[in-house]
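In what follows, chain A forms one complex with chain B and a second complex with chain C.
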Partner chain A sequence: MPIFGDLTLSISLGLSLITIVLSIIYIVTKDKRFFFTSERTILSVCFLVFLSTFSLFSSLLNSDFNVDYVARYSSIETPIIYKFTAIWAGQSGSLLFWLFILSGYVALVVIQNKNKHQKLMPFVIITLSSIQLFFLILVNFVANPFIPAEANFVIENGLGLNPLLQNPTMAIHPPILYLGYVGFSVPFAFAIAALCSKELNTSWLQTIRRWTLFTWLALGIGILLGGWWAYNELGWGGYWAWDPVENASLMPWLTATAFIHSIIIQEKKNMLKMWNMILILITFTLCIFGTFLTRSGIVSSVHSFTASSLGPIFLAFVFLILFVCIYLLITRSKYLKSEKKLESFASRESGFLFNNVIFVSICFAVFWGTMFPVFSEAFTGSQITVGPPFFNQIIIPISLILLFLSGIGPLLAWRKTSKESLVRNFSIPSILGLVVVLIGILMGLIGLYPIITTFLCAFVFFTIVIEFWRGIKVRNNKYNENIMIALLNMINKNRSRYGGYIVHLGIVIMFIGFIGKAFDIEKESSLRIGESIFLSNYKITLLNLRESERPNHYAWIADLEVEKDGKIISTLVPEKRVYFHKNETPDRRQPHSELSIFSTWREDIYSIFGGIDTEKDLLSIKIMINRLVKLVWLGGYFVLFGTVIALWPKKSLKRI
Partner chain B sequence: MYDLIQIIQNFVPHFMIILTFSIVLIFSIQPLFWNLTNIKFNNSNKVDSLELRKLSIYEQIKELELEFDMGNISDYDFKRNRLELVNEVSEIIEKIK
Partner chain C sequence: MNKKFSIVIIVFSLLLIIWLGMGVGDNELPYVTIDELSEDYSNKPGKRFRIGGIVYQGSVIVDEKDPLLTNFILEQEKKFMKVSYHQILPDMFKDGSEVIVEGIFDGEVFFADNLMTKCASKYEGDLRDAAQGSEKI
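The block that comes next holds the complex of A and B.
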């Protein structure tokens, strides 16, 4: 199987090159046979990449330790689910997995657009093939997952999967994140095709709108799942640490968010063409740049792969993409001029433009903070790292402006909003927002940012609720529908608009969750059986310390009883595990803390098993009370639900 | 007999590999040998694009009417925007015809 996998990769590389050549011949000669052949060859590349990925999976499943990758990232004890996740656990496997997802997308694009977009498709195929070719070069020559293990003895067992990756979230987080990262190749390819063919009307945008929304959602959910994994697995009590790899995924998400807002203006008003083009080009570039950050070892991160020779190659690819994009943007700039001008500052168009500026500013701040250690080392010789305080100081105020914009957006009219409309539309949500803040202050809300955020969350929430209410009232008056039917019909007939509002509602809920971070508390202590920790109004007692031997690890387990106001509400069971404990080399036995969390809507009681002194039966434990964390995940569900509504195909468009 | 089975068993994987790559090759290069007259290329892209634009404007008109009914925009803005959209869609319908 490994030989077959290796062979398919080599043939894919050749076919990928042939695809590009055939498409170029078609563009030059207009001989349609070459175009149809290029469609077939690119589909063949996709098929061969699928076969190659299945070969690697088969090797992992069969514990074929003759393959270096299998020996490094799995073992006989590794459960089947984690043998599957081992495909993306290492550098070369994850590159193949990237290629696998890209090939899935490419096949879908080619099949979906068969006999469509005659002028765009040859360029789309060239662009997608070039991206495929780049990754095929990597997996063939730089990081081949099929290289045999270099050992002069029979390898009976592999090293096994990193314990941190042996978590159910890790079975879905990377594929979803990759669906997002890789998915932006499609809008990027259409953008390049539109620039090359000078077909810069809105049809390319309409083709990629759903693609972009889907990939944006996948990237967003991937980021959120990463946060969920960090919160539930890493044991530092947070879900976002402004880590370079986290930032690498956030940057394209930010520019993509600006893009999916900004294309509304181009579709409706034929404005912001240059903005949209830049946003989608930069989004894909940032995806590749993020991959460079993760794989080059240029910045240190708990999430990154080990440093490798891939860095310069990825950087060269980033510069190549930038060069092509800048060249095309300059030479096609006259086609990208807006057909209409902004009429008023108080208009929805201005709101969208400002939205773009804010998103790009946040992205730049994240980029600057992430790359600062590299820049500082290049200019001063010493690496200066900026941590969460820098990001929080810069990004929180800008994000609050963004939150405000998401509230005022629906209140602004196209072209120009009259003063009367502004006063009428703003007064009720503003007053209700202030009332909520007053109630919050009376309940103990303190601090400038929490107060401003609470006001803005309430303001945006009421804006959305009022929008829904007004829409329902219109349908109620016009069609005599009851509230439920009116609500469902209203959403059904305006899916993008109300789907978007539900997404905004999700963001508001997330922001409320973020406010909770300001009120987190924690305590570290050493306990013997029967002793307790007191934190906030909780009493946490150590009931028992147990040991257990499991298939791939050994565990010490603490039974902690949680009491609130004298009433037992839960039992927490944090663990300290040692993976590969049967390994004769102690260095290869990996210790890992498995958390135990009791979660409510108000707060989470988060317990971390620090260590154990077996001689004294003394448990070292850390307890954290994290406020409103559940709302962050709830907001994610709203974002998912809203996007699915916006994505759902319309009956009238199905015919096209 | 046993040797023959061994030979066949050894050959099967190689045969499968050769078969797979042969199918891929035939599938890929087949269009190069097509007769040009049999090749159909959809030329209605422009019409499709105009149809999409037309539907998009219909949606915008509906949305505008909803905004007006909700009281989000003034009477003057509503009439002006609606007229502009109606004119644009009329031009597109003319082009489609």
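The block that comes next holds the complex of A and C.
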């Protein structure tokens, strides 16, 4: 099987080159036969990549430890589901997985656009093939997942999958994130094709609008799942640490968010052509740059794979992409001029424009903070990091401006908004926002940022509610529909607009969750059986300490009883586990703290088993009270729901 | 109108750059070696530093009275430094592990408020370990 996988990868490399050559010949000679053949060869590449991925999966499933990758990332005890996820646990496997998803997308694009976009497609195929070729070179020559294990002894069992990755979220977080990262290849390819063919009307934009939205959603959900996993598994009590690799995924998400906003102006007003082009090109470049950050080990991070020779290759690819993009933008700049100009600051166009400026600013700030150690080392010779406080200090205020903009956006009219209508539309949500803040302060809300954020969240929330209410009322008067039916019809008639508002609601809910972060408390302590910790209005008592041997690990378990105002509300059972506990080399035994969380809408009680002194029966434990964390996840569901509404296909006209 | 917009955007960008500069100034955390630390700390008492190295074999001492207090010696190319850390240790912390600590130095002891272990690479271990029981050459 591994030989088969290796072979298919080599053949696809050749075919991928042939595809590029055929497409170029077609562009030069205009002989259709070359184009049809190139469509077939690129589909064959995709098919061969699928076969290759299945071949790696089958090796993992059959525990074929003659393959180095299988021996490193799985073992006989690894449950089947995690044998499957081991495909993306290591460097070479995850590159193959990148290629696998890319090939899925490519096949879809080629099949979907058969006989469509005849001027664009050859360039789309060249671009996508080149990206495929790059990854094929990597998996063939630099990080091949099928190389045999270099061992002059019998490998009876593999090293096994890192227990941190043996978690259901970890089974879906990477693939969803990859769907996002890789998916931007398609809009990128169309953008390049539009530039090359000079077909710069809005037709290419319309083709990729859905792609971009889907990809944007996948990337966003992927990021959120990563946060969810960190919160539930890593045990530092947070969901976002401004780690370089988290930042790497956030940057393309930010520019993509800017893009899905600004294409609305291009579609409606035919403005900002150049800007949109730059945004989508940057987004894809940032995706590759993110992969570079993860793979090169240039900045230290919890996510990084082992430092490898891949760094320079990825960096070279990033520069190649940048060079091509800049060259095309310069040579095509005269086709990208907008005919129209902005008329007023108080217009929806300028609202979108400022939204874009802010998104790009946040992206730049994240980039600056992430790369600061590298820049400072290059210029001063000493490495200086900035860390999470920097990001919080810089980015919180900027993102609050953004939150404000998402509130006033819907209040602004296209072209120009009159002062009277601004005042009229502003006053109700502002007053309601102030009322919410006052109630909040009475309930103990304190601090500048929490108060401002609360006001803005309420403000945006009420503008959206009013917007919905107005739409419903119009339908109610016009068609005499009742409220529920009017709401459904209204959303149905303008899915992208109301889907967008639901996404905004989700973001508002998330921001409320972020406010909670300012009110978190924690305590570390050591306890004997029967002793208690007091934190906020909770009393947490250690009832018992147990030990248990399970199939793949050994565990110490603490039974904690949680009382709130004298009433028992829950028991928490944090554990300290040792994986590979039977391994003779103590170094290979891997300790792991299994958290226990009691979650309510108001707050989570988060317990971490720190350590145990078995002689004295003394437990070190950390308890955190994390406020409003559940709202962050709830906001995520809203974002998902809203985007699905916006993405839902319109009924085809033929059926009516 | 487009001119006005350009001006607004340029002003905003300038503000952003100043804002970023301020952020760096407030939060910079130099990554130093033990030698550099001994020179630098005296100029700026109370300044936070970041330093990496290996936990010296056998040097980890958990305090008798307070199990949350850990003292160990950090080794960096035959240079040594005492580190004190008063929090729950990460799972991967042990003798010989590669760590990064952040905190302040008083000339003798480094008081770390953040301790990170480099674990990912450790995990991708030697295949020989997998050969337990079978004949090793």
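Quick note on the criterion: the second predicted complex is superposed on the first by the 651 of 656 C-alpha atoms of A that agree within 3 Å, B and C clash if a C-alpha of one lies under 4 Å from a C-alpha of the other, contacts with A are read in each partner's own complex, and residues count from 1 in each chain.
We take it that a contact is a pair of C-beta atoms (placed from the backbone, for glycine too) under 8 Å apart; a residue touches a chain by one contact, two chains touch by 3 or more.
Predicted, not measured: the structure shown is a model, and the values here were computed from it.
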Identify the partner contact of A:G444: answer first if only chain B is touched, second if only chain C is, both if each is, neither if none is. neither
Could you tell me if A:E267 is touching chain B, chain C, both of them or neither one (first, second, both, neither)? first
By the touch definition at the top of the document, which applies to A:G530: first (chain B), second (chain C), both, or neither? neither
On the superposed three-chain arrangement, identify whether chain B or chain C touches more chain A residues. C
Touching A:G381 in the superposition: chain B (first), chain C (second), both, neither? neither
Which superposed partner A:V357 touches (first chain B, second chain C, both, neither): second
Going by the contact rule set out above, which residues of chain A touch chain B in the complex? 4, 7, 11, 15, 31-34, 36-37, 39-41, 43-44, 47-48, 51, 115-119, 201-203, 206, 267-268, 410-411, 413-418, 420-421, 424-425, 467, 470-471, 473-474, 478, 493-494, 497, 652-653, 656
For chain B, which residues are in contact with chain A within the complex? 13, 17, 20-21, 24, 27-32, 34, 36, 39-43, 45, 48-49, 51-53, 55-56, 60, 62-64, 66-67, 69-74, 77, 80-81
Touching residues (chain side chain C, partner chain A) in the complex: 1-2, 4-5, 9, 12-13, 16, 19-20, 23-24, 26-32, 36, 50, 62, 66-68, 87-89, 91-92, 96, 100, 102, 116, 118, 120-121, 123-125, 127-137
Residues of chain A defined as touching chain C within the complex: 65, 68, 71-72, 75, 90, 149-159, 162, 300, 302-307, 341-345, 350, 353, 357, 361, 364-365, 368-369, 372-373, 382-387, 389-390, 393-394, 398, 524-526, 583-585, 587-588, 590-593, 608, 610-611, 613, 618, 620-622
